[in-house]
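Both complexes below contain chain A, partnered by chain B and then by chain C.
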Partner chain A sequence: MLLKIEKIEICYGIIPAVRNLSLEVEEGQIVALVGANGAGKSTTLKALAGVLHPRVGKIFYKDKDITQLSAYRRVPLGIALVPEGRQLFSTLSVKENLRLGAYHSNDKEFKERLKEIYSIFPIIKERENQIAGTLSGGEQQMLSFGRAIISKPKLLLLDEPSLGLAPLIIKEVYKTINTIKMTGITIVLVEQNVKMAMHIANYMYVLEAGELTIQGEPLKLMKDENIKKAYLG
Partner chain B sequence: MIKVNYSNKPNTFSGIWIPFGVGLGFLFVVLGIFNLVLDNYILHIITVIGIYIIAATSLNLTNGYTGLFSLGHTGFMLIGAYTSVLLTYKVSLRAAYNLPSLPTLLGGANYQWPFLPALLTGGVIAAIVAMIVGYPVLRLRGHYLAVASLGFMIIVTTMAKGMKSFTRGASGIQVIPHYSNLWNVYIWVAITIFVLWRILQSAPGRAMLAIRESEVSAQSQGINLMKYKLYAFVSGAFFAGIAGGLYAHFTRSIRPYEFSFSMTFFIVIMPIIGGSRNLFGPALGASLLIAMRYLLKPAEEALGVYGLVELIYAALLVSVMLWRPGGILGKESRAK
Partner chain C sequence: MYGASYIYQQIFNGIVLGSIYALLALGMALVYGILGLINFAHGALITIGAFCFYFLLFKFNLPFVLAIILTISLGGFVGFLSEAIGYRKLRGGPGLSLLITSLGIYIFIENAIKLLISPQPYAFFNPPFLNRIINSFITFRVIDIFIIITTIVIMICFGLFVKRSKIGIAMRGIAESVETAGLVGINVNQVITWSFVVASAIAALTGFMWGAKYGQISYNMGFMPGVIAFVAVVIGGIGSIPGAVLGGFLIGLIQIFTVGFLPLGWSVYRDAIVFTLLIIVLLIKPMGILGRRESM
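And now, the complex of A and B:
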């Protein structure tokens, strides 16, 4: 088991956003967390990245308790976050963004990693010296993927990668997520676009108002009438 | 915009020193010529400009590069000024001015410190205070940090007013030895710009830029936010302390309220007007604003419109924000 969450509760001030949530992520899989606005998906992901810390419960990564570990200490362990809305270093160039992604590596390692990243994302290479904020939405999403996986993570956390993108671009983005999976990276995906998430995930958790309601393999869930009604229309 | 250095290692020896040496040589040749041809009044203005360049450039490390909008810089200048003055104050005048003798540990009753160690001590004390204050305050962001750092400035000026046995309170300290001059001020200008340049070219500088752009992204690239915020804040405070010490030994008289709102306003808008993403932007802003102040003083007096300078500063600030949001030396194209 690569990642295991045990009964966590995360609060903003005194208001709990996530309650009694437990989930497991197997190595090499894509696990999707879906649900409506305010269900607590992004909050959970932030707790996995270490940006937030749960008040109750434990998070285990490779059987090590990382519940209270700061975000910057999780990166060398192999956990990388692609934040919601990309959050690129928008006034820096594409290459500078990637250099910051490889913050812990030296020059030589960076050059090698850069080649790999460019082979996965050819678009980024063309835009190497462009200011990140001037890229199109899809290109920005690719760059934020590149920036995250240049640190050689084992676990990649994706927060709403389809947010604000055109349907065609979303398809592109999901193809890329699959490519990333093929390189052996485990992925936790938070998504409102349940259809897209279902196509790609190996396992799915559905959150509602901060609590886990349904879980299972997407193929099985797809047959469930209730889910169809609630999420697929 | 500063270029990120792709290397973890500093540049090669010659790569650093040749451009810096050329710049430094040029600066001091120009100053030498100024010293020969210009009258004392203009040289006085140029020296004041130098002091403000140190203050504005060091403030820009937090406000411009790390995205921490601090309004507490003059508090650190005050600390540097008072610390260095208390150390360099003439022994014979201490009793007359009701200032205490130095404790035995610092040289005793009959000892007057030389300028450089006193100045450095002022900078170091300011840096230590920044470390203590920074740890809780730098958790705040945006307006909250601005207000908290402003509170720090007010606390420091109030304390300087209140600790009468050390500072003579609101009446201030006069007859400070005249140690600052064109040369040592501009040596410190060069040191400040050089150190900042090196910081911004290194891995910590890269971390600071990342924090400015997005704190969430920065920490998820493995950057320790507090460490690099403190790094920026403490380095800035050290140079603020130096600027304060140079200021005190140049004007030869300090009062607590000198380091208050009006000075804060000046040094905060200097980088913004000059260009906060350019290493030389704050220096340009400082030169412009201080030169304008002295140029407009006669006009102010002739017209009897006191406060004219502040009005013009404010108008200049608004125009820059509207038409050149990156400052005079900033890049025009603003990435969204």
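And now, the complex of A and C:
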């Protein structure tokens, strides 16, 4: 088991956003966390990235307890986050954004990694010296992926990768997610767009008001009448 | 009214003084860009640098180059200490507590020097080669050229550092978002420490320059240059490093021109004129000359 969450509770101040949540992620899979706005999906992902720390419960990564480890220490272990809204360094160039993604590598390693990233995302190479804030939405999303992948993650956390993008671009993004999966990277995907998530995920967890309600393989869940009504319309 | 040689002489003097201000402002702008902190303690590093060099060279008779290197190192170390002891725990809290802490650190250092060394000014003798006078079209000492060249070299190195090096890029990234910097894997504490070390090391070197130029050092010598460097940062555009450098040179020129071109009695107003300029700039262009929204 690559990742294991045991009964975590995460609070904003005194208000719990996630309660008694346990889940597991097997190596090589895409696991989707879906649910309505405010269900606690992004909060869970932030706890995995180390931006938030659970008050109760434990997070194990490769059987190691990482519950209280800060975000920057998780990156070299192989956990990388593609944050919601991309959060690029908008005043820095494309290449500089990638350099910071590979902060734990030296200049030589970075050059090698850069080549690999450019071969996955040729569009980024064309924009190498452009300021990140001037890229289109789709390009920014690709750069955000690139910035995460350049750190050589084993576990990639994707927070609403389709948010605010045009339908055509969303298709592009999901193709990319598939490509990333093919390279052997395990993915935890948070998504409001349940249909998109179902197509790509190996396993799904449905969150509601901070608690886990349903889980299972997408094909099985698709047949569930309740899910159909609630999420697929 | 004034001969060409006189005018060039004044411009030259202005550039020398402006170099010192620009170096100070550069460090202040770096720290401000990353922490949003107006670091009043920056001025104290001038005093520390000046006294450190003085003792190393004249009391311990170390060679000039070694004294300079040790002065810069001590400055960097004090910067490291002030960040680790004073600021680190306060980050993420209200910006005002950082500001007050920096004032506290300034007052502490100033008084420590007053207590431990002397409340009296010291005469600062240069190594003879720095005092050699060169008379050509304009008149200057070797120390003036030393200041200008050192400033240019530091600025080029600093520019390359911030533009090209991993830590420099990380500094700009942190200036934009501390949270994002952390989650892409940057050790934010380490990078902030580096920015203090670099800024303070440069400030300590300007302490030597100030003493060598004006021939006198005292426990409170860092106060006014520190405040003026802050004015340079504001005039140039807060958050912009090139703006801060520009502001520094501008103030240096204006102060020298006040002394050189205005009637005799006016020279006492040279600091007042700087602050008047500050008010005018803030009225016309509140973001400063090169200031945009907050970015480095």
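Some notes on this structure:
FYI, the second predicted complex is superposed on the first by the 233 of 233 C-alpha atoms of A that agree within 3 Å, B and C clash if a C-alpha of one lies under 4 Å from a C-alpha of the other, contacts with A are read in each partner's own complex, and residues count from 1 in each chain.
Here is the rule we go by: a contact is a pair of C-beta atoms (placed from the backbone, for glycine too) under 8 Å apart; a residue touches a chain by one contact, two chains touch by 3 or more.
As the structure is a computational prediction, the values presented were derived from the model and not from experiment.
Taken together in the superposed arrangement on chain A, chain B and chain C clash. Look at A:Tyr12: by the touch rule set out above, it reaches neither chain B nor chain C.
In the superposition on chain A, contact is made by A:Arg99 with both chain B and chain C. For chain A, the partner with contacts to more residues, out of chain B and chain C, is B.
When both complexes are overlaid on chain A, the residue A:Leu81 reaches chain B and chain C alike.
Once chain A of one complex is fitted onto chain A of the other, the partner contacts of A:Thr134 are limited to chain B, with no touch recorded for chain C. Overlaying the two complexes on chain A leaves one chain B stretch of 73-81, 91-99, 163-171 or 253-261 clashing with chain C, which is 73-81.
49-51, 70-72, 75-76, 80-81, 83, 87-92, 96, 99-101, 103-104, 107, 147-148, 151 are the residues of chain A that lie in the contact sets of both chain B and chain C, per the superposition on chain A. Listed in rising order, the residues of chain C touching chain A in the complex are 166, 169-170, 172-173, 176-177, 179-188, 295-296.
Across the complex, chain B is touched by residues 49-51, 70-73, 75-76, 80-81, 83, 87-92, 95-96, 99-101, 103-104, 106-107, 110, 131-134, 147-148, 151 of chain A.
Of all residues in chain B, only 1, 4, 6-9, 203, 206-207, 209-210, 213-214, 216-225, 277, 333, 335-336 touch chain A in the complex they form.
If you check the complex, the residues on chain A that touch chain C are 49-51, 70-72, 74-76, 80-81, 83, 87-92, 96, 99-101, 103-104, 107, 147-148, 151.
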